[in-house]
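Note that chain A is present in both complexes that follow, paired respectively with chain B and with chain C.
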Partner chain A sequence: MATTEPDADWHGDDSSISQLRGRAFEATCLAATAFGLVSVLLLLLFVANDAFRPLSADSGWLLTYAVTVVVPLAALAVYYYRLDEPAGEVAYVTSGLPVVGVLLTGGFAVMFIELLSILEWFALVTSLVAAGGLIVAHGRLRPNAALERLVVLFGAPIVTVLGTPPAQFNWLVTDLAAALGVDFGLYHRVISLREVLLRLPYVPTNWLLLLGTLVAPLAVAGGVFVARRCDSRRAGFAVVGATLVGALVGLVTGPALGIGYGGWMLLVAFVALPVGVYVEGVVRRREGVRGLAFPVTAVLGVAVGSVVVDAAGLAGPDSWIDWGFLTSATSRTAADAGIYPAMVGSIMMIIVIVLATFPVGVGAAIYLEEYAPSEGPMGKFVTLVEINIGNLAGVPSVVYGLLGLALFIRIVQWPQGSIVVAGLAVGLLILPIVIISAQEAIRSVPDSFRQASYGMGATRWQTIRQVVLPEALPGILTGTILALGRAIGETAPLLMIGAAASVRLAPNGFFDVAGMMPRQIYSWSSELEPAFRHGVLAAGVITLLAVLLVMNATAIVIRNRYQRE
Partner chain B sequence: MTRDPNRDVSRRKFLAGGLAGVTALSGCVQNTRRDAWGGGSGDDGGGGDGLSGQVIVKGSSTVFPISDTMAEEFMEDHGNVNVTVDPTGSGGGFENWFCAGDSDLNGSSRPITDAEVDQCATNDVEPIEFQVAGDALTAAVNNDAEWVECMSFEELRQIWSDNDVTRWSDVREDWPDRKLELYGPASTSGTFDWFNEHVVGEEIEHTTDYQPTEEDETIVRGIRDNEGGMGYFGYAYYSSNSEAVKAIDIKVEVDEECTPPTLPNAKDGSYPMARPLFLYVAESALQREEVYEYVRYYLEQAETDVVQDIGYVPSSAEQRDENLAKLEEVAG
Partner chain C sequence: MTQNEMTSDDSTDPAAVGTTATPDPSGEPLVDQSIEVDGTDSSAQAGREQVIEARDLNVFYGDVQALQDITMSIPENQVTAMIGPSGCGKSTFLRSINRMNDLIDTARVDGELYFEGKNIYDDDVDPVALRRRIGMVFQHPNPFPKSIYDNVAYGLRIQDETENLDQKVETALKRAALWDEVEDQLDKSALDLSGGQQQRLCIARAIAVDPDVILMDEPASALDPIATSKIEDLIEELAEEFTVVIVTHNMQQAARISDKTAVFLTGGELVEFGDTQSIFENPEHQRVEDYITGKFG
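After this line comes the complex of A and B, so read on.
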């Protein structure tokens, strides 16, 4: 083969080659990117302006907070960025942790207020722990009894949480018998550990239960973490002790602050404990200690600002989003309208969606990618199925709403507009998306990994469980989360399944009729008063976006964690 | 066919088995304990008395503002009763919800039809009628349409029936040669039914060449943005949008006096498009205390300024007493 002279094919220095087309293409791509991003940004700013109305504040108010909060924080941020990067990370974490902690506190508080009493929580947690203990104990005692373990794995939670046979099974049998005209009912069953706990004549008071099942485990986890890090058991005990004492103080201070001892204990467990553990590490390592100035400055700035504003009598912005909006129900008067019941409804709907679609979607994806035949007539059939899953992902959401109406309301006879119906209808909508993205994630695991695993004598099940799934999990989670983001904003299926326009009570269970955020926003959009369509609507949109961002952020954290390991 | 409530419940619960985890979470969670939470975090704190349960209100979007206001005020006193209100249109509410036994109350801007009564009867739903308020159905045009101030029923009929009138000049020759852009309620709406029956005429077809919607707000927006726009809707929607569109006066015959749509004119009956608004209650639902209490509150308040503030004619004191007597009689 003849070698060509290298310079014969090289045109780079030849000015006769035009680069114009390439440049023009690049510019077009840039313009497309900029156009998309800028229009979305402008839209968001527009909505945020309607929701917060910063310009309705006195200019003195804006100026005060600019001087006490914005300027010092900006200066610090620039300093960290330029001169002290480790401190920057510390600043980032110490201001982020409390926010996440407060959100968690809010979530748990809503759960305790609307869904579970503390006693029910205690019973559920204890039963789940007992089930876990049984499974672990069985694994220790009889490590080789695989079939037995399978039975224990599914049986233990049934015995401890659901009872034997589960109440639902009893209803099924009794119902079937009644349908056949036989008066036969399974009226007797062994109640579960959970139910036993609920029926105990004497139970510890609520604060003791909360302390034992929520604060103490977290305190112990924090203590173990610190003890390992410092290599000192004393430090660990100190953390546990300090947390418990801090939580107990809440019995007095909580009610005084108006958040109850429950609110205080949750704050101690979710905010004070993690922040304390993190700060302790920073101080002891003496790395980036200056970063601690950031949250301190922020708190001081807000405090000083509010004192000045109060003294000077300056009015803040007349924002649509405020504490009242987040904690009250919708109203006929725009100023009183809130989104609380709808927010609880939406979050509960997401729980149903996750429980329903994640196992089904990921299971289907694993089967299609790892087990389904790829050759012969069956292979053709599988290809057909996959193509149609793709088609299903493109079916309009109204159609899924109708499907939900027909299936869950007309046939199954679940209550119209209830959370479980909404969750399952929207779950069906995102199921194809979950399957496809999970398939993509599994497909992206290199085949060489599987071959290597088989080469070491692993079975297919072991390969999937130990090699493929851990590798694919971050991708699966990303896809699922993006799909959930779509789910929480879906409106059309909710209209189809009869979600009501105005619901003023937050749901207490999954079969309750509930409001949901997109439905609430839609009904505000057709209100008579312009204040609804401009102010309250914008506030609702911002809240929906915030919930979405929190969900995505949580998911990204989970994903990164798996990726690291 | 009768339903056995116990069976129904157990069936639901059994089906919940598929979501065992969820039910395990939801458990039996009727009583929430607020002592641990300072009582301030709930939406429905305070005001809770012994009464609890659920009242489902569907029906006319015209009656929706009244029902929703009543729901809000009722729930201030009865914090554990969940009154949900949803505008589905009068007919849509009867057909899909009320007569199917899925809702307790149905607001309606027209009396129930015989077909709907029959449908209800097949499901053992017996509707009880209460007249709760009055409305001045309002026809409106764009603010810039200075050529029209008043219309007769005949002219409305020409515009809104299914014929070849498509331009303003087709109706009156001195009106401009501009396309008629029509916006109106969808055929599931009681407003549509009333207008069709009383103005267009039952034997004449209502036009299909218009923008039908269940959201009266959309009608207002359509008229506002089109100089040749015209539409009709409940008075409340006009009174809160009186700057956006122009209401036109109405007369029945060409040689009569024009009457503007106002609440006093609707009350004394001089406005030709005044119409009553109804609330229908399922007799069986009235046996439930929360439904009974809500309806009683509704009928009592329907006589007060609350209704006037929304933009409707409150029921008279005699009307209210009649309604309450009827309620007592039915509820036993």
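After this line comes the complex of A and C, so read on.
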């Protein structure tokens, strides 16, 4: 190095390089972020406080649960975070799985109560399985008949679930038969397998049907999973056996615990089986076994806490959200008001939205990204369409409500305020969002994959089906679920299509008039009694947010799961 | 697949200078296969067949002409290298051999390009069928984000050739000199492999469907020297069985591995085409000599 005296200037301590503006900009950005987050958080705390009213509890009650539940769990969380991260992951999953399982159980229970009886479910599942069997058998017998397979793929489920067309279409069937040179004589409608099952003279009891259509298949799936993981068939059979025994034990213990047979079956299938399979894997790998302490501590803490609270006669908080709120209909008195029918309405609306927007939105996105020409007059037209889809994403939701009113109620003459109208109107609203996010996901698949596939002599369809879609699916699902989160909270279209302001009975079909959660919350906001506006409203908002949170969490889990691979 | 392994018994071919015939332990089944094929195609014994022939081929991207009146023929079961500066159209020519240019909306092709005596730009040629006979390996390794096994099986599956799939995948990986490294991890993601392994996987994927021709677009330019030399050895072995057309920026590479060399220069012109040895030792054109010796700007 040079021997001359060091030049002090180059290190920049004379502030010749000004970083003032940069620092100021950074601070402003931080402030903007903090402001947004803090204001949302404050609002949530405010609403949650109104809904749960934790301060209405005796201080002894709060103290007891703080000591038995909060402190031990917090200590465990700190321990996992600092010292034992794999155990933290185990704790996270073992606490999350039962929650997801209970939510699923609740969903299925609501479905069986409101939508279709267990017998109808059994008939539907059995006919779909039969259709699947037909498709597989056809693929085995005639592996090279592509067009025929397409017909079977769509025809088999239709025939097993719906049967042949009704007698109004007599002419169609007889003409077709005549064209093929067959003479039926008089055409009789062939009923579907589903209808045959519904008319069986002897029907097994509900729990047996659930055991056959839900518990047993899930148990076999869990058994196959475990058998692959341990490389032992015995372990797989053990899982199946344990699940079935667990289900049958419920026939004795269920009534004692106040759980119906059907509820027990659902709990075994959705909670006990997945948790058991996961815990077995953790114990066998001996990795993060300490994480199992977290859910055990939580359950023990709650149990000990409730014993202490009962013994000391301490009163809990007078929360607006409780079991009664979630399971009863709205009422004239605030204390009896509940959100159950609106929640069922919202969930059924989401089903309609998914069925309507997912195929259309993803199909449009695939066409625009993979097939549509980018050059020439057609290319210009496609660009115009894309710009308009972008604009449609910004059209106010009231306008979509108006569109739904005109299209589905005035023209198609579906019942005003019915679930299918609400679902389609809100579905139209999120359709542009679904298309745009699916387009983004498809565009983010590297072109080199497509090139490689085409270079191998794949057709466009094979490339899309086997390379582009599997790679884009997580992105498509994430975008769609986030759009559904927006859909479930939309209020204006529901007002326009005349969704019920308050309903006492949950809808039993998709053409029933129903209320949805945001609509119900909106009508509570204009009740005269303050208890509605401050308490019940807050409880409704929290319920809606909880449903939203579950959906967003699902989106995040899906995204992380695929990114890890 | 037509007459193979000609190279193995005529290593005195002047074009094959620099190639050392290395005995391949995994080559046994391949030789068996070649015996049957040789019997069916005796006319090829007389001399090398020209498997690809371009006549006055012009390619345009919009208004820009990328290739000008290319006329050349590529011999069977040899390595033909295409060299030239960036933007000279050598990759365009490569991509017009298996009609990958069809995927670019603005591309337009004029002239004729024969593959086994059939003009591939005839209306009755399905580019998908053509690409099943002419495989391609790209500049950057681009395995699918699937398992190693699924990558190699991809081409077989899309062509519904799923009989003996395991056997075919194993053979392809052995031919691509990758089997020993991945034998135990066929279920692992192909993206976990190193760059050189990924490129050999792409070669295995391309040869699994047994094409006639393999096009390689600068297959080693994104790899380190060791991985590059493995790919070069592999290319020489592949030429015993396949017709290999390779685009490269690396002139030493072209000199080492190719039998024939085509020199493209700016403007999409094919300036000189001939045996590699004579191109590098005694080029006819001054421009080619300038380019090869590095004087070209």
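Definition applied: the second predicted complex is superposed on the first by the 519 of 565 C-alpha atoms of A that agree within 3 Å, B and C clash if a C-alpha of one lies under 4 Å from a C-alpha of the other, contacts with A are read in each partner's own complex, and residues count from 1 in each chain.
In this section, contacts are C-beta pairs under 8 Å (C-beta built on N, C-alpha and C of every residue); 3 or more make two chains touch, one makes a residue touch a chain.
Note that the structure is predicted; figures quoted are calculated from it, not measured.
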Superposed partners chain B and chain C on chain A - clash or fit: fit
Per the contact definition in the header, classify A:A178: touching chain B only (first), chain C only (second), both, or neither. first
So, does A:G457 touch the first partner chain B, the second partner chain C, both, or neither? second
Angle at the Cα centre of chain A spanned by the Cα centres of chain C and chain B: state it in steps of 10 degrees. 140
After lining up the shared chain so the two structures overlap, which partner does A:G60 touch, if you call chain B first and chain C second: first, second, both or neither? neither
Tell me the contact category for A:P86 with respect to chain B and chain C: first, second, both or neither. neither
With both structures superposed, pick whichever of chain B and chain C touches the larger number of chain A residues. B
After superposition on the shared chain, which partner residues are touched by A:N144: those of chain B (first), chain C (second), both, or neither? second
Overlaying both structures gives a minimum C-alpha distance between chain B and chain C, in Å, of 31
Can you list the chain B residues touching chain A in their complex? 7-8, 10-17, 19-27, 29-44, 54, 56, 64-65, 68-69, 71-72, 75, 80, 82-87, 97, 102, 215-218, 236-237, 240-241
With touch defined as at the start, can you tell me which chain A residues reach chain B in the complex? 109-110, 112-118, 120, 124, 161-162, 166-169, 171-172, 174-175, 178, 194, 206-207, 210, 254-255, 257-263, 327-329, 331-332, 338, 340-341, 351-352, 355-356, 412-417, 420, 498, 500-506, 508-513, 515, 525-529, 533
How about chain C: which of its residues touch chain A in the complex? 98, 100, 103, 105-106, 128-133, 135-136, 138, 140, 142-145, 154-155, 157-160, 189, 202, 205-206, 209
Over in the complex, which chain A residues touch chain C? Could you list them? 143-144, 373-376, 379, 446, 448-459, 462, 466-467, 471, 565
